[in-house]
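Here it is, the structure, as structure tokens.
Chain lettering (A, B and C) follows the sequence in which the chains are written, and residue indices restart at 1 in each chain.
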Amino acid sequence: MNTITKAQIKGLQLEPNKAIDMKEIFFHLLFLSSAMVGVLSVCTIGWFVFNEGLPAISEAGVVEFITGKEWLPPALYGILPMIVASIISTTGAVIIGVPIAILTAVFLAEIAPKWLADIVRPAVELLAGIPSVVYGFFGLVIIVPAIETLFNIPAGNTILAGIIVLAIMILPTVITISETSIRALPPIYKEGALALGASHIYSVCKVLIPAAKSGILTAVALGVARAIGETMAIIMVMGNAPAMPGSLLEPARTLTANIAMEMSYATGVHASALYATGIVLLAFIVLLNGSLLYLNRKRAY
Amino acid sequence: MNKLAVSNLDLYYGENHALKDISINIPSRQVTALIGPSGCGKSTLLRTLNRMNDLVAGVKISGTVAFEGEDIYADIDVKQLRMRVGMVFQKPNPFPMSIYENIAFGLKAQGVKDKAVLDKVVEDSLRGAALWDEVKDRLNSPAFGLSGGQQQRLCIARAIAMEPEVILMDEPTSALDPIATHKIEELMDELRKKFTIVIVTHSMNQAKRISDRTAFFWMGELIEQGETHQVFNHPQDSRTRGYVSGEFG
Amino acid sequence: MSQYIDPKTSLARQRKDKLLYKAVWGAAAITILFLLWVVWHILSNGLSHVSWEFITGAYTRIGEASGIWAMIVSTIYMVLLSLAFAAPIGIMTAIYLTEYAKLGSKMVQVIRFCTESLAGIPSIVYGLFGMTFFVTTLGLGFSILSGALTLAMLILPVIIRTTEEALIAVSMSYREGGYALGCSKIYTIWRLILPSALPGIVTSIILSTGRVIGESAPVFLTAGMVTQIPESVLESGRTLTVHLYKLTQELFTQYEWDQAYATATVLIVLILFLNLATKVIATKLNKSA
């Protein structure tokens, strides 16, 4: 074949690539530096929280700080009651809220007629958008008095009230993500089960839910994160006494409430101890995400 | 004079050796058809001619592709190359804007603002794509309102608005009905007077009807190339013979 | 049919199925009932106390005047200012991730890991950080600016993720079409990709607006609780949610109850309005597609 030499006609050559296209480079750098803001934010927050929180932990000692039962600033900094309160209120909310949420997700994805799902879905989204102080207010005026009369106790501001409010609050998160993951399944799963003569609901429960397990686990993890991170609603209904709760019908203070209630006036070691409370809270989130990763990875094998 | 010359081109998508030692010349102001079974590399080759493969991650290329005698894989301004080597895609891809804005888009991107110039180019391009009479009264309505065939002619008009020297067409009629296809084929007969056209087609009849030269690809190799009637009537290679006679593919 | 199928167990199975059906319907009913209960309880007790004077009036602590105008203004400032910080940065980050970064590169992994971590941090920790960093270290004081900067970090991951989804959803054919005409990358992004992704980007901004309106703990720790209309972003201001929280701390007279219900009503109506706005945009999006 004939090899071609440089075009003889002048002016037809392609221009060489401009060594530096300033405009493109400018925008590339602009976008890249924007992306760095998020990275920087995490690093700053992390650095600050640890830098401010470690003095208190080292002063009180890790074990004393985490297992101490007394929170009496500026003398004693033990946050075990708060850890217990956070764990109990979150666990309770999950026990009540998650089954309702998953079943509602199944309802939306599989059972409800289209017109009904089209009404319920926006309603769930609305539930997600309602500010937490409004839930707290609702808990304060409805749930707290209800607990007072039901159990005949003087003050209804209890862990139980917190659990119920949190259970309502995690519903939309768990419902939405579970429904999405059930819908994302290829139709062959359901068709396969139905083709064997299994009933619709049986196919959903025995085939679809297990198949969507990783998505549903993610949904639950996000629900747990919302419950453990919730602050205002909890402050409004749980009584906030920093003592070890003896039962669900006693007041308690969560880790988040501890920070929110005392941060505005705390100084010195006291402020540092609140940062340390934040570290413990972050540790829970890391633990949560870690176990989610582990559970979802295990499934892949 | 050859507009484009490909020599000893090898192309890899990651591990996949998609084009094997391809050498082909594309003569000026002729229609060159690339045919072959799907996955044979004909679209891949087309996309190396204006470096659209740059958009795909993990593509490796060796060999040369020369446009007007210059290696387009040297350190050249790709944007300028693409202005001179236009492209029409398999599925019509009008932009989400008016008919007028679609045609003017390429020029505006180069900073052409003069309304009179743009008006003239829009009209000329639409006439050139045999679409003017159908859309002249609704230039400002959305391009999505056009039929599939009209959309594809709009995309051709958008390409010729840049006054390219070459137009690459990647199965331009595969998403169209026979009547729309016929219109595009008629149009190509006009376009060949001004432009060098390279068309990928899966229809052998289309290649026979519209092209001057044909190249047959099979599994990433260029098996045979030549005058269209030669390739179809007197194929040299048994695989070409099998394909053009409809034995496989 | 298989000989192993025992009609009796089959019947038991059918009963179980019926029970399951009831559980699914029951769960959905509980969800809806709770929503209706919350919304109905607040609206029925609050709507009658929402008046023009209540919305546009001033607030004094002693209780002669209980208007929430200052809180509405503070909330609006907070929304606008935090979006002014977070929206450009979030959108540009999403552009970087979808259009510039190499898929799966180390850089992308780091950025994605960090934005996801940002999303996982409880909002109270943002408050803790914002109070120390913006309020004290940077010396911005308890101010709208401190609050907005804190909330901007909080909504950044929401904006990034939603915008990214909108950008990814833009048809590849637009990118190809733009590049095939010899357009530069930035021109293609600016003129083709961003306009197509606009409804998604607007949705992400509305979602973040809801988030800003709804947050309270990180807000009162950084923006304070002053009930005056802030005259500059360096002054403290009380948002609607913080106001509702403060009101619930002192519920003694019927008058105070009414105020709390009315404030909660305003918040719910706001959220209803925002949800409606996203629905309208979503329908528009479906129509044009």
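Here is the rule we use: contacts are C-beta pairs under 8 Å (C-beta built on N, C-alpha and C of every residue); 3 or more make two chains touch, one makes a residue touch a chain.
Molecules present, by chain and UniProt name: A = Phosphate transport system permease protein; B = Phosphate ABC transporter ATP-binding protein PstB; C = Phosphate transport system permease protein PstA.
Since the structure is predicted, the reported quantities are computational estimates derived from the model, not experimental observations.
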item	value
A-B or A-C - the one linked by more C-beta pairs in contact	A-C
Chain occupying the most central position, where position means C-alpha average	C
Greatest separation from chain C - chain, by CA centre	B
Inter-chain centre distance, chain B versus chain C - centres from mean C-alpha coordinates, in Å	47
Geometric centre distance via CA averages, chain C-chain A, whole Å	14
Whole-Å gap between the CA centroids of chain A and chain B	51
Chain B residues counted as touching two or more neighbouring chains	80-81, 84
Set of chain C residues in contact with two or more other chains	184
Of all residues in chain C, those that touch chain B in their complex	102-103, 171, 173-184, 187-188, 191-192, 195-196, 288
Of chain C, residues touching chain A in the complex	13-14, 17, 20-21, 23-28, 30-32, 34-35, 37-39, 41-42, 88-90, 92-93, 95-97, 99-101, 110-111, 114-115, 117-118, 120-129, 131-133, 153, 156-157, 160, 184-186, 210, 213-217, 220-221, 241-242, 244-245, 248, 260, 264, 267-268, 271-272, 274-275, 279
List of chain B residues in touch with chain A within their complex	2, 5, 7, 23, 25, 66-70, 72, 74-78, 80-81, 84
Sites on chain A touched by chain B in the complex	1-9, 12-18
Chain A residues within the chain C interface of the complex	21, 23-24, 27-28, 30-32, 34-39, 41-45, 48-49, 52, 99-104, 106-108, 111-112, 120, 122-127, 129-138, 140-142, 168, 171, 175, 199, 201-202, 205, 225, 228-229, 231-232, 235-236, 256, 259-260, 263-264, 271, 274-275, 278, 281-282, 285, 289
